[in-house]
Amino acid sequence: MSEKRDTQSGLVVSAHSADFVWRAGGAIALHVQQGYQMHIVCLSYGERGESAKLWRKGNVTEAAVKETRQQEAQHAAELLGATIEFFDLGDYPLRADEKILLRLADVYRRVQPHFVLTHPMQDPYNYDHPLAFNLAMEARIIAQAEGYRPGEKVLEAPPVYCFEPHQPEQCNWKPDVLLNISEVWERKYAAIQCMRGQEHLWEYYTRVALQRGVQAKRNIGITSHKAISHAEGFQSIYPRVTEKLA
Amino acid sequence: MSEKRDTQSGLVVSAHSADFVWRAGGAIALHVQQGYQMHIVCLSYGERGESAKLWRKGNVTEAAVKETRQQEAQHAAELLGATIEFFDLGDYPLRADEKILLRLADVYRRVQPHFVLTHPMQDPYNYDHPLAFNLAMEARIIAQAEGYRPGEKVLEAPPVYCFEPHQPEQCNWKPDVLLNISEVWERKYAAIQCMRGQEHLWEYYTRVALQRGVQAKRNIGITSHKAISHAEGFQSIYPRVTEKLA
Amino acid sequence: MSEKRDTQSGLVVSAHSADFVWRAGGAIALHVQQGYQMHIVCLSYGERGESAKLWRKGNVTEAAVKETRQQEAQHAAELLGATIEFFDLGDYPLRADEKILLRLADVYRRVQPHFVLTHPMQDPYNYDHPLAFNLAMEARIIAQAEGYRPGEKVLEAPPVYCFEPHQPEQCNWKPDVLLNISEVWERKYAAIQCMRGQEHLWEYYTRVALQRGVQAKRNIGITSHKAISHAEGFQSIYPRVTEKLA
Amino acid sequence: MSEKRDTQSGLVVSAHSADFVWRAGGAIALHVQQGYQMHIVCLSYGERGESAKLWRKGNVTEAAVKETRQQEAQHAAELLGATIEFFDLGDYPLRADEKILLRLADVYRRVQPHFVLTHPMQDPYNYDHPLAFNLAMEARIIAQAEGYRPGEKVLEAPPVYCFEPHQPEQCNWKPDVLLNISEVWERKYAAIQCMRGQEHLWEYYTRVALQRGVQAKRNIGITSHKAISHAEGFQSIYPRVTEKLA
Amino acid sequence: MSEKRDTQSGLVVSAHSADFVWRAGGAIALHVQQGYQMHIVCLSYGERGESAKLWRKGNVTEAAVKETRQQEAQHAAELLGATIEFFDLGDYPLRADEKILLRLADVYRRVQPHFVLTHPMQDPYNYDHPLAFNLAMEARIIAQAEGYRPGEKVLEAPPVYCFEPHQPEQCNWKPDVLLNISEVWERKYAAIQCMRGQEHLWEYYTRVALQRGVQAKRNIGITSHKAISHAEGFQSIYPRVTEKLA
Amino acid sequence: MSEKRDTQSGLVVSAHSADFVWRAGGAIALHVQQGYQMHIVCLSYGERGESAKLWRKGNVTEAAVKETRQQEAQHAAELLGATIEFFDLGDYPLRADEKILLRLADVYRRVQPHFVLTHPMQDPYNYDHPLAFNLAMEARIIAQAEGYRPGEKVLEAPPVYCFEPHQPEQCNWKPDVLLNISEVWERKYAAIQCMRGQEHLWEYYTRVALQRGVQAKRNIGITSHKAISHAEGFQSIYPRVTEKLA
């Protein structure tokens, strides 16, 4: 890992090792293309809860599932152009104590991200996702504190965006940002195809990208005239500071 | 009125003739400085409900109050660099029938705004403000319809921002945009001083600008390093379409 | 009608002629007992929508239903110690134009209420109730305006309380005030019994009063040690201004 | 129109003449297949706001657009097996006075629906849709009133379901019912293809049906083992009364 | 414990040993009558926080309070026809670590419930209730994971219903299901009477059942013509999948 | 510490050692003036997260920062007339186990507060604040339980008020109480000036007090005619029980 601090960077906190692909693969690839250093933290491999197909083959150990999942995620990250690290905390349930919290705060300090992507705060289908949200949020705040590892460069206030959950309305998730990922869609779809254990989701998330693309076209003002075919939705946690409203 | 359609423009829909000053004076001046053509529609003069000081002088007619209010608003608009027109619909209560709705739709068609500023959708202290919001929203949608005055250039989908009400939490208003108006604060304060009938609000809205300025500083990421002393808050109605998250 | 302006007073805006009994009969009787002049405005008699029992008898005219309803309401108001007036606007649907709005604003000016009771702002079972809420709210605001009938004594800012709807959770109604009506319960129940056309509601609203009474006991701090058996719930629209938190 | 009152029936209130197809075509076809008499009321033809393709051809009158739209809707209703009537109120803006409200109440009385489908209550992209919702809701309540056209059979309390808007999260729409329309999908898609003026929506609503289908599979308990490929989502307004929780 | 997996079953997760009686006794008895195997998990006896009457007698140990509470709950479960088990985790505060979470997941695997009943997610009067909700929710999700105890039959997706809290509006609880428990009311009331330590609640929850019964009658469509005197309210967490809207 | 139990008292639970000054200094001074015994619990010194200025001086240890912060808080409490104790739990992150929870419950038992002040339940800028809220809430409930330390005088049901966070709208905080602190403003400002490490906040919270003062004047009914210049806002958690609505 060799993030340079003078380039722009982004941080993705993913509960399981495939979440960053379905939910933020376009944002990652797009910002890499714009010169950002994108870094992904996978809190777990999703070995218990999101590897059904692997388990159903039978005669498989947890270690083997984790290894497969790590390879898939590593490969996907490479295709997207991002660095990736694995905390291997276990899933279903995912748990994080204070030590893990500070470990993530240290990642923030090191990466100094210009923006952060993570899960939304509610998900009645998944308890690991809100935990990842809270961990990402609290670690960010600690990394901003002058009194945490005094002397280190503190984190400024990067915006946090919650990416799209599997059943958005049930999570009370409401996108206020639609990111045009049309230019990098092929790269995202290539990364999606790394996830061999969840093939049933490939077309689901292709359709998500197409629907968000149509919606993006409906919300465009006069300023932007780029063609849009695919998009990703995000919900902001903080107000954005700007000098331009159009 | 001679808005050119090839320059960038913004539209402000103000229930009473002073609202645009307190709530959006900074946004207006800032975008004028950036080359935008800003246009203001005042639905009423606020003659009944927002001219207490004028009435308390006694021996005054409604016509006189309206004239005073018009002059103040005209003067403020000039200082901000905007054009202004008055619908003179009366206030307390403000009412608008279908004819007025279409008149405003026609303003949208003429101005072709790149963004729109108006009141928030709730205000338990004021029924004219939500009416202005609904009128601005519905007129915008009609101006987008191919079948309304077919042949005219239809409106695209400009973002709509709700500016700050007098008691923000009571209106369930939550800013997701903080606009840095530090550079144009002096101009906004000059416009505020045109409102001689509501002098008690001058310092109130100065403090609002300072508080939002402090909050803006707290929400700034690494990208922006401009000094911020004053800000205005806005709540977006629609998701924004973008290609950059930082 | 002979309200004296120097005594304390309260105003109740009731969509149909029985609403004030079920929902605010205790508050009315209690404040009358405390020396308040309580005045009730019934916007309609509820002749179409809340007089099922009368219609089912057959061979009855709308005029007769209205007369019966007026007598019941008049009698109930007398038992509670309040004055009452009827706007007779019709129900199902209830509608109010600007003239009616100003007529109600004039009642506010005349009564100068220290507090206001009306319906909540949502009710998926009843469209007349939210209309009454909005009418009561907007009229109150107009009565506060210096420019409405200039020279008259303007209304100050009386708190508005929304009384309990028939299916409280479905209306998103959440009481933040529990009024101890134990001392006047007998009087409220006598008023309830005037409503001969809706006998099926007598026991329903008795149970409501008992449930709110139990809840009130659960929310009492150390300061108050009065016995509580019956209560009425209310939801405030505005923050209350106070100098004491216990 | 020849609804028999002794069969089960359903009523659909559609703001524009194509809404019922995109949003409820599956529910209509499915209940027709189950023996329900389904009846559709189109409040307008959507001639101004939802016929862009027709207008863009040029040289077309509003009368011609309306006729085309009526034919498309009539054809779609036939394919779905439903009866249809047109109120022709105009769109953008849609407006309905008390006479229209009572006309719709009379439809309720005639059809005596066992359930009702209409638009959700919020839509920042469309003011005609919430108006249709409110009209459908208030007319239903009036049709329940003993005092409205006394002597007629009153309406009982049919459940109301809000169908899916174009941008669901932006409308704060949250489905609590997922209807398995797999068996009638072909019929719905045939009806969709009648809408020649909005061909860009065909694939959009095909994807919506597939996404809701995947979500339905995720929410199925043990009881139901039918295959699900396509679904429609609905949001209930009222609690359902039942004797079984699984 | 001898639940057969081929019969239909339901699971109730109760924070304290009496909650299942007040809040879900009717649902339990009704489904037992319909042939369901109902199983109750009591996380604690409510020995500290919900046994005031027992403590006020004085000269009593915590062990004695727990024994009394267990006997009452056991007796109530028998009257309702359900099996019951006690986790004995302690109350005020109730706490559950990962081991407890997995223990409950194992109950899900064993019972394979067709539906789940538990507390709502918010309660400002009680911190044990939301904890029980979260435990029941997360354990259900773990029991669905292929990688948890691979080889075991995984749980499908049973609906979860939150039963009624003591002060429903204060918990933001909004029932979307009203269960007609009229036929089993006598059995529920017999179970209620087992709770000798909380006699003050007997009449409170009788009135709750009567109020929900009246509300159920107000929400019934044409399809159902059963008499309703008593009901229980529930709030669904997940959308229901169905093929019928009436 | 020598709180007498027969006087009226209030309890303030403050996450960091300065929170009680900015957010509740007026309420504390005002109730002290009214004869209340006010007691403050500081869960941490805010040494890491809220002492930036001290750290920036360099060459400083955490122990030294804590000592400075303790002195400042002690001094401020004295000026306000309150007693204070420090739990010294550490901040960023603040964590509290069951032992701490019971320690706080014991403070409740000892102080027997008539009202409680603490942080709001949400704050995306601060995870210690919601933790303090939850700790204060759960400890209060335990102190009410007969079975916790049986034989001790249990706590009644004191109201809980959430004081104003730094960015109120972002915390979904909505004040329903505006406390007139005009008489004690000088004392609050003196306490504010003790906070030498956060001088940038002095004017910020002065403006907050002025804004809330203006808002209080806007919400005053006829009953109260005191002059108001400064106020503090609070959000109630529980409904208040009363016998008077004006």
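Should a chain be cited, it is by its letter among A, B, C, D, E and F, assigned in written order, with residues numbered from 1 in that chain.
Assume contacts are C-beta pairs under 8 Å (C-beta built on N, C-alpha and C of every residue); 3 or more make two chains touch, one makes a residue touch a chain.
Just so it is clear, the model here is predicted, and its values are computed rather than measured.
Looking at chain A and chain E, the chains that touch each of them are D, F.
The chain pair with the larger count of C-beta pairs in contact, out of C-D and D-E, is D-E.
Note on chain B versus chain C: their Cα superposition corresponds to a rotation of 120 degrees, in steps of 5. In this assembly, A is the chain whose CA centroid lies farthest from the centroid of chain C.
Judged by shared residue numbers over all numbers used at their interface, chain A and chain F contact each other through mostly different positions, with under half in common.
Here the spacing of chain D and chain F, counted between their Cα centres, is 53 Å. One simple way to say how far apart two chains are is to compare their mean CA positions; for chain A and chain D this gives 37 Å. Taken residue by residue, chain B touches two or more other chains at 125, 170, 175, 215, 218, 233, 238-239, whereas all remaining positions touch fewer. If each chain is drawn as a node and touching chains are joined, the picture fits none of the line, ring, star or complete shapes. Residue ranges on chain B touching chain D, taken from their complex, read 98, 101, 134, 137-138, 141-142, 144-148, 150, 237-239.
Across the complex, chain C is touched by residues 47-49, 51-52, 55-56, 60, 62, 65, 92-93, 95, 124-127, 170 of chain B. Those residues of chain B that touch chain A in the complex are listed here as 8, 10, 27, 30-31, 34, 36, 112, 114-115, 117, 156-159, 161, 175-180, 215-216, 218-224, 226, 228, 231, 233-234, 236, 238-246.
Residue ranges of chain F in contact with chain B, taken from their complex: 125, 166-170, 172-175, 204, 207-208, 210-211, 214-215, 218, 233.
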